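Both of the next two complexes hold subunit A, though its partner changes from subunit B to subunit C.
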Partner chain A sequence: MTRTIRFGVAVVLAATLSFLTGAYAQPKDSLTIGLTLEPPHLDPTAGAAAAIDEVVYANVFEGLTRIDENGAVQPQLAESWTVSYDGRVYTFTLKDGVLFHDGTSFDAHDVVFALDRARAEESVNAQKPLFAAIDRVEAVDLRTVRIFLSRPEGRLLFNLGWGDAVMVAPESANNNKVTPIGTGPYKFDRWVRGSHVRLIAVADDRPLQRVTFRFLPDPSAQVAALRAGDIDAVANLQAPEALIALRSDPNFEVAVGSTEGETILAINNARPPLNDVRVRRAIAHAIDRQTIIDGAMFGFGTPIGTHFAPHHPAYLDLRSASHYDVAKARGLLAEAGQPDLKLTLKLPPPTYARRGGEIVAAQLKEIGIEAEIIPLEWGQWLEQVFRGKNYDLTIVSHTEPLDIGIYGRDGYYFNYDSPDFRALMQRLNDTSDSSARNRILGESQRLIAADAVNAYMFQLAKLGVWRKGLTGMWQNAPVQANDVTGVRWK
Partner chain B sequence: MIRTADITCLRRHLGLLVGAVLTGLVILAALVSLFWTPHAFDAVSISQRLQGPSGTHWFGTDHFGRDIASRLMIGARNSIMVGVVAVGIGLVAGVALGLLAAARGGWVDDLVARGADIVFAFPAVVSAILITAVFGPGAVNAIIAIGIFNVPVFARVARGAARQVWNQEYARSGLAIGKSSAAITRDHVLPNIAPVLIVQATIQFAVAILAEAALAYLGLGTQPPSPSWGRMLFDAQTFMALDPKLAILPGLAIFLAVLGLNLLGDGLRDTLDPRLRTERMG
Partner chain C sequence: MLTFLARRVLLLLATLLVASFAIFVVLEVLPGDAALLMLGIEAQPDTLAALRDQMGLDRPALSRYLAWVGGLAAGETGVSYTYGVPVSQLISERMSVTLPLALMALVLSVVIAIPIGMLAATRRGTVRDYGVMGFSQIGMAVPNFWFAILSILFFAVLLGWFPASGFPGWEAGVRKALWALVLPAISLALPEAAILARVTRTAVLDTLEADYVRMARAKGLGPRRVLWSHVLRNALVPITTIIGLQFAFLLAGSIVVEAVFALPGLGRLTFQAVSKRDLIVLRDVILLLVTLVVIVNFLVDIAYAVIDPRARYAA
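Right, the complex of A and B next:
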């Protein structure tokens, strides 16, 4: 009896030891990345959820162009292109011998299909404005595609690099939500809902043969999983305080990068008394940006004074237009006849919103505004705030690149209605010269800052952390993606 | 020379005493917080965050630089309020149902007993999550949710104890001389089952504090910036590596309050429960 037990213990010990040593002896060819949100489905051309692109962008699906770690446009399925003199005709030469994961070949007809599908009347593409300038798409031969524009569009190549513009095949496009079929170096293997999505390499010689995206909504669970070795990386850690502890841990590498996320205190411009620009300016002056960055994000983040990413060449530093000034804010409120104001502050789940919201509420209290905090789940937030426009104040990060155009959209949830701004956007659309475009973008930034449409807080940082020895992970997030095509273990 | 009986007696009273002191401390903190806290509980000061205990901040500060002592005091008030109201709801509705069932018997009794069984079958926190999920998170809904869970608990206890009283000759003879069952319930049943109810109320109070902490931890109870012990625990979890006191202090507060109430409940049962009293005499 005791011998059996002893033997059992020995076997278990031996197994544990061999497992431990085995794990280190072989060069690792798999990667597990922790993500906060699980995608609703896996078709990037049929949904706005960032979580879709975070799994499939560049890994499973590819576009004519791609956006690299630094936000620059690179060739992808199109190996080269020429632009006509008037900027209205783009001719793309496609890569040869590209196959979809189901074995069908990729050619010019697929490009016509994918782009026509994305911009069709009945298309469910979340970013249809990307294709607004396209008049028609023509296959010249199997490897040549021509895109005709109705007006010059300076950003066409960038737009074609978005996840929403990836190439899909007519044979498989309708099933991409559950079984995505793309042209990327990784193909979809399986999706265990509530747990993980696994991709496997198409080619045998890829340094990473298996890439798993595990969904862990809770930041403390992410850190625990990292430390336990269940995951190798967290692309964007939601708990900045945990990063501080991990930074001193020799087993991990920490990379603080930039994102396209303008984090703002959004104001419902249609709702009295917030339709009074003085009240909105008062709110903007009540916000101490650095305190919010320090308090909510442990110092990670760059203060902004307008809805624009600081790393973009057209960015203007307009913080002084809404500098922190309690006395001025109180004066503006008194002038507007609103000395005791009660507002709701609806907060979606991310740390920047929940934690930032508590600080914002405390700062608004300083100027006599009582902000009632209402925490919401994402679904509720989209329903009540984003679609229903039933809110006074909310905090959210707008993570699409170069998205100032939302201020000119009809019925957007800010309820900002400015003919001047729309005229600027019209001019921007008609301009292809980049320095002229940057000037117009500058004017637009000034206008929304002067109108205090929202209180602009900070540019969200990307807090990446991964096991030492992993190279090629993106430090910045110019698009919502976890491009693992350049990742390997040293 | 100390006799064994004395030690038993002392031990019994020691539990009661410790329980009373701990519970008293929590109540005192809650009462004082009505008039005074060392600092404003929601005064954010980022430059002062995550400080250790000091003369200005007795228990240090949290991740927003808010005074933890003040927040614990308001948290105590919050817990006690939830406990009082939730136990009150359960006590009034549950005892009324239990007494009715015991007095009437028959199908009324069956209905109450089976109804209580059904509600009781749902774990407290699960039913509370259900209610707050349907009616929205917030302190008031949390109180109602916990209160509803208390109704079958008190209904069961009251019914069981009341049926025992109804089996006694003095209660039956009341009926025989033409007293109404309501009058007998008032004059004989209620006074006789009161000690059992008091003990149960003390224990349910502890359960209510735990349930409130659990709901607040899940984001379904008291909403920020109002402090709640459970909420403080939730906020602390990502700071465990950086500053463990953020989790230890509210955890300790919940532990001590629940321990105090349980000791108090046990001690009261030992002193008040007639069954135990007779055993001791015998």
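Right, the complex of A and C next:
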């Protein structure tokens, strides 16, 4: 009897299957991108979550300027601008005929509204320092906006290209978390929470009419979904081990690019004996970057010698200042009178930290430092390490673009206190000429490398995978975004 | 029966009150500032303060607890920190995935386990019995997430019969939606079916040796009649207990399986709420799970009364 049942079940299954196969085929004017994290909401001006920008940046929301794939500033809603001689007044000419997705027009008053809202006292914008130099914003006429600064701010045009500085309308700004209304080429269609966000093209002649962002938290599920054809691309694959196999698959294209994520072994500079620069230098010399990149990241990642992205024009290769040298590291420790050191190494959840941490601990052991590994959840890490500064060593990736300024911040978690560095940041703020700025940025990189504030390990790679035939996907991630405005199927 | 029901409802309310207090206390001592987690490490102190104020994190714990329980009693849930929509909306969206999934898995597990368990018991010591026991052993030992990944690789990637992950939503059509739940339901059902088959086998074996079974046989009833109407009915009491317990496991197991299949269900919501410290969502979801478990236990009690008339008087 059971045999008959089994046979019956098989027949029914087979019949249903053949009936349904092919239901998931993709037409070629749509694109489905797999993302690891789901955004909490869709308002880039009210949260730090990178996942928000990964969906809406450049697609739904646009700023006065935008940052392109290589990290350069490009005009967006402002088609041109002039800067006053003293660098304190920026005059922007806006694009004509721009509409928000709800049909209201975009003009100079919206710019005033958006920027004033972002820098207001009660604003919950996660990047308020972007606007710190702005004194007031004035609409000269409908297509001309003037921004007055309280001090020269060489980064203003770059800052205005961030997701946190996008243009929003007074009519819709308060609902942007749930129904984002921007000026971009794609408008929000629907969000099935926990599953996907769908955007549709505003214009009929866009090569991609529908763009869906699917949220797949598990890296092996991402790979399976790619292979099964459920998704066309994974913007940043979290499983470097799977990339090797995908590379040899003729159906997919793999692009290894760079991100803004400086991954560092952060050191609590205030805590003895780590306040001794010799001990910090010893730690820096004990770290073999390539072994960590190979062991923790399957070889994907660029070694760095300072807190700066290697693809940036101002980057200096300072790895030689902290080259891997066990004997030298031991000597420095002996000189500092710290031959047997016990330190805590607190690790947040990401793979780079957990896997990298084990290798770092083994490497520190070589020079006689006993590092006790303490794994933490993000909440605990923020509480203990970031806010409480109760740690010796930790591993974390700093993913904001051009964020060397954190070394000049008061009470920042690695407790680096250097008047020289702060003076450099002051000079940087007062300089708008880009080559002069790059020189100052170079000096700052040298200073933090010489002081061995942290041990600089590697720049996180962006591991993009997509189906053959898709062009225009970003290879690098100078901002955490998936700009699909230039993407099409061949 | 009425007093039985009334007593049950009172018990449910008391359980929920105790559970709500426990949930609140546990979440209160959880490390991690929700505002900091949301704004990230580059956040400015004044921005943080503004958000903490918006979320009401500065108010004393007791007043927040009373506000929560009072709100629930009035039928109002809070607004999620992270999603910015009412929790009730989130939960009902998610339940439309998790509830069908759990029911599908439960039905699958019962449909697989009871026949093979009975088969094993009636053919005790034969190859079929060992086969069923072997299946049960493997089914219990295999972790469901691993089985889930294997079944994705085989049925979705290799054969292309099912979508590898995700849920198209009910508005995409009932057939499509149910289809997306098949692999997850099998992954969830397999370990439960393995346990249930074993329990069924033992329960049936126990009953087979009872005097009334011998009596039934002696009075000339056919083996099939004895098995289905005398043995099974009596064996159903322990089986029902296990099914009731398993429902709770199915809801909990959905956290893992929903992550592997990227299903927008209650499990994903819970996981996301934990990692984002969305306490407003978390406490309501946990309370809902407690309620479901208590209700299922209640239904199991009623099922006892239906199966076994003696239980009606004992209650």
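The definition used in the following text is that the second predicted complex is superposed on the first by the 460 of 490 C-alpha atoms of A that agree within 3 Å, B and C clash if a C-alpha of one lies under 4 Å from a C-alpha of the other, contacts with A are read in each partner's own complex, and residues count from 1 in each chain.
Keep in mind that, in the parts below, a contact is a pair of C-beta atoms (placed from the backbone, for glycine too) under 8 Å apart; a residue touches a chain by one contact, two chains touch by 3 or more.
Bear in mind the structure is a predicted one, so any value in this text is a computation, not a measurement.
Once both complexes are superposed on subunit A, the partners subunit B and subunit C fit side by side without clashing.
In the superposition on chain A, A:Ile373 makes contact with subunit B only, while subunit C stays out of contact range. Contacts of A:Ala228 after superposition on the shared chain: subunit C is touched, whereas subunit B is not. When the two structures are aligned on the shared chain, A:His196 is found in touch with subunit C, with no touch to subunit B. Applying the stated contact rule after C-alpha superposition, one finds that A:Val124 touches subunit C and leaves subunit B untouched. In the superposed model, more residues of subunit A are touched by C than by the other of subunit B and subunit C. In the superposition on chain A, contact is made by A:His41 with subunit C only, not with subunit B.
In the superposition on chain A, contact is made by A:Pro217 with subunit C only, not with subunit B. When the two structures are aligned on the shared chain, A:Gln384 is found in touch with subunit C, with no touch to subunit B.
When the two complexes are laid on top of each other via chain A, the two nearest Cα atoms from subunit B and subunit C are 5 angstrom apart. Touching of subunit A by both subunit B and subunit C, each in its own complex, is seen for residues 220. Within the complex formed with subunit B, the subunit A residues making contact are 219-220, 223, 239, 241-242, 244-245, 291, 294-295, 354-355, 358-359, 361-363, 365, 373-375.
Residues 30-33, 36-44, 46-47, 50-51, 54, 81-85, 90, 93-94, 97, 115, 119, 149, 152-153, 156-157, 160-161, 163-167, 169, 175-176, 179, 259-265, 268-269, 271-272, 275-278 of subunit C are the ones touching subunit A in the complex.
Considering their complex, residues 2, 17, 20-21, 23-24, 38, 40-41, 47-49, 121-129, 177-178, 192-196, 214-218, 220-221, 224-225, 227-230, 377-380, 382-384, 386-387, 396, 398, 400, 403, 406, 413 of subunit A touch subunit C. Contacts from subunit B toward subunit A in the complex involve residues 42-44, 46, 49, 63-65, 137, 219, 223-225, 237-242.
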